[in-house]
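In the two assemblies presented below, chain A is common to both, partnered first by chain B and then by chain C.
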Partner chain A sequence: MEKSVNAIIPGLCARVVVNEGDKVSAGQEVAVINCMKTEISVTSEWNGTVKSVLSKEWDELEVGTPMVMLVVDGD
Partner chain B sequence: MIKRLLIANRGEIVTRIIRTCKEMGIATVAVYSEADREAPYLDMVDEAVHIGPSNPLHSYLSIEALIDAARKSGSDAVHPGYGFLSERAVFAQAVVNAGLVWVGPAPEVMKSISSKCYCRHLAAGVGVPFIPGTLDPVNDPRDVAAYGREHGYPLFLKLDKGGGGKGIEMVSSEGQVEQIFQRTCSIGNMAFGSGACYIEKVIDSPRHIEIQFVADNYGNCVLLGERECSIQRRHQKIIEEAPSVVVTEQERELLFDYSRRLVRRMNYHGAGTLEGLRSADGRYYFMEVNARLQVEHGVSELLTGIDIVKCQIQTASGEALGFRQEDIGLRGHAIEARVYAEDPETFLPSPGRISGLQLPETGRDLRVDHALENNYSVPPYYDPLLAKVISWGEDRTRARERLISGLEQFVIVGVKSTISANLRILRHPNFASGDFSTAFMSECFNNTGSHFGKEGPR
Partner chain C sequence: MLKVINGGIETLVEDWPGRLGYLGKGMAPSGAFDNVGLGFANLLVGNPAGEAGLEVTGGFFQGEFLTDSVIAVTGTDMKPSINGSPIPMWESVAVKKGDVIAFSHIGEFGFRCYLGIAGGIDLPPYLGSKSTCIFGSYGGFDGRKLQPGDEVKFAAPRGKLKDLVGRKLKKEAIPEYSREWVLRAIPGTNTSPDYATEEGMDYLFSHTFRIQHTSNRSAYRLEELPEGFFARLDGGVGGSHPSNILDHAYAMRGALNICGNTPVLLIADGPTLGGYMCALSVINADLWKVGQGTPGRDFIRFRVCSQDEAVQARLDRKNLFTEDALV
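Right after this comes the complex of A and B.
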């Protein structure tokens, strides 16, 4: 099953800290959002593998903008 | 003389600069990004120019877009405000190259003093004490470990080109050196275009003391007193005041002497600030130069009656300052509270639409600098500063009481704000008595704001 890790707060994408093919576990930081100069960590809710990275540095983000696509383990 | 000034910034500082320009009879040009289409000050200026998308990289940080806006609007000068490109020598140079007046120090001076190590050499050269550590950047983590073995931990690794509270990393033991060194270099390369970092000793329970100066092209350098800015979260200021409760008349004279020596050696013209620390045992250490108008300049304006923006415009136009040091009196006491769009408990950001607004009643003793109006949307892309409430009193107690009463009248609905956090700080017995250091927020509220978010590089 595929799941997207979405922006939890509006702002600018500071960085995505995972790459395509990386294994991630639930609770792991996958991206960082710069909201009003404060960096907010975005974590994965699932164990899985990064299928694609959808955001890049300086992208404008709304709440819910998909940042990273995962293939969730256990399918 | 400047006739038409472009303000290359956004938010409250635009309204602040407009006010002085109107008094001086100078026409104003504002710029705005997509997110700032509704900014209230766009109706107050002679011309408003759209410069690009919300993303600041393509608007407020775009030298090309700003120079283009200045040309299109027939401006003859640029005021950079604070933040964004205000301390970038390349922007200042681009403004000068376009045949416009730069409201700030000369680009060459800005380029030099953007290096903290340059400033450390400068201080050493004129006999001004600075924070012990290395004079030059360290190139290898082994040099950091060697310093730690000789002088002990903790120590700070600081980016030579860092600023705005970013690029300051504490190293507590030799085991951390390698990792923190690499991380600091990496942050520096990404955010400031330079990974060079140097070592500073950690000063015990310091207080942040800074000196405001204005200097013209004719050798007149006037000191407008000190400001104390020890109440901070995430290395960013929340409350500032002048004078500082700990600086004695004798110490002020010493700081003024240091400041004159530094300003002359830098060959600096315009308004600027020398930031420093005062250790618990009463020693002063120079830290860095801020080559711009500071957020907290209003505190010094209420104390001295001098309009610092006017000084900037006059000196940039090549005029002499209309006063000398002996004309400056430091009268009474002034305190500023910064109101941020943040949760008052966690200091987490809170962008959104303002659905209700009541501003404090202003007058001779209470000033509110802001760019707010009801139904205004606070964008998530820029600084969280919403407003500055600045009070004046015959003494510190009265200034504090007036600030409290001003903040009590201030209501913002729709986004969270730090108004209640400011009130908690101002009412705290340690603030009331003046007994605090830069550790105030962690010691008195167990809150540095760092558990939730880290200060980002832009």
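Right after this comes the complex of A and C.
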């Protein structure tokens, strides 16, 4: 099953720290958002593999904007 | 007592009116960014309106209660839950030892929510306030935002816990939230004709400004002013930009600093003096709205207000937190 890791707060995308094909585990940081002059970590809820990276630096984000698409393990 | 499992994006101990009387020492007043949200959370759990509570910014706070208590959540709807079951907002709720409270992300409207706890938070006031100044690293809980493992102590409730459960705010008493926050403000101290043009001030009081994502408890940064705002070509002895003036005291909280071309609202933890002109001051009664303005999403508009209206609005705000507001 595919799941997207979404922005958790409005702001600007600082960076996505994973690449297509990377294995990620639940709790692992996959992206960083700039808001309130602070870097806020966005973590994966699932174990899986990165299918695609959907955000890049300076993108404006809303809560819920997809940042990384995963293929979740075990499906 | 509440043991922090996840501090979320930014969770702070804040009271109201904060740390007053130290502007001359360069110390901001801090205090709850949305003092109305905190006031109602306290009213619901039987506390004085200005008692310290938790200000949850951005969401994702999680904690375990180590004692029975009564709580109330106000502000933006972060889908608060106890042990995974949703709890109502703007209403007092009993919690038992071992219960876990959790918050999700911000709601459709607003940016901060408040957790009021019967009795309030048991911390020694620093210079007369329990509020945290995160940029100064003093006050509140060790001068910082809460982290996993922190244990936040509660003071003794004012009344029996069972009598404090189920207190509910009247629907009409719940503040109106929006994505466009109208702030009443008084022009000055640096305005037309000396510092800004008439057209510039008209623009300031008619344009709807987007809140920049760089806004925080120190300052809310708005989108840039257009050409023609300034009445001067430069700042004279104050500096090369027309927003520069010789250093002066800022009317904290609520002054609108013009920093270069960027209007910057100075609030909670903001600077107490500096060398930029201040074009208006937001009235005290409307400061709470700034705290619910969501960076990168919401907008702010200023409306001219008289001093009499500002004083009356402040009295009206003070009178909000009475038993009459409850069902």
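To be clear about the criterion, the second predicted complex is superposed on the first by the 75 of 75 C-alpha atoms of A that agree within 3 Å, B and C clash if a C-alpha of one lies under 4 Å from a C-alpha of the other, contacts with A are read in each partner's own complex, and residues count from 1 in each chain.
As a convention for this text, a contact is a pair of C-beta atoms (placed from the backbone, for glycine too) under 8 Å apart; a residue touches a chain by one contact, two chains touch by 3 or more.
Computed from a predicted model, the values in this text were never measured in an experiment.
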* To do: Evaluate whether chain B and chain C can sit on chain A together after superposition, giving fit or clash.
  => clash
* Pick one for A:Glu60: touches chain B only (first), chain C only (second), both, or neither. => both
* Asked: Between chain B (first) and chain C (second), which, if any, makes contact with A:Glu20: first, second, both or neither?
  -> neither
* To do: Scan A:Thr38 for contacts with chain B and chain C and give back first, second, both or neither.
  => both
* Please indicate which partner A:Ile8 is in contact with in the superposed arrangement: first for chain B, second for chain C, both, or neither. => second
* Intersection of chain A interface sets (partners chain B, chain C) -> 9-12, 34-38, 40, 60
* Structure fact -> Per the touch rule, the chain A residues reaching chain B in their complex are 9-12, 14, 32, 34-40, 58-60
* Structure fact -> Within the complex, chain C is touched by chain A residues 8-12, 34-38, 40, 60-63
* Contact footprint of chain A on chain C as seen in their complex -> 9-10, 57-60, 105-106, 213-217, 294-297
* To do: Report the residues of chain B in contact with chain A in the complex, numbered from low to high.
  => 53-57, 234, 341-342, 347-349, 351, 380-384, 452-458
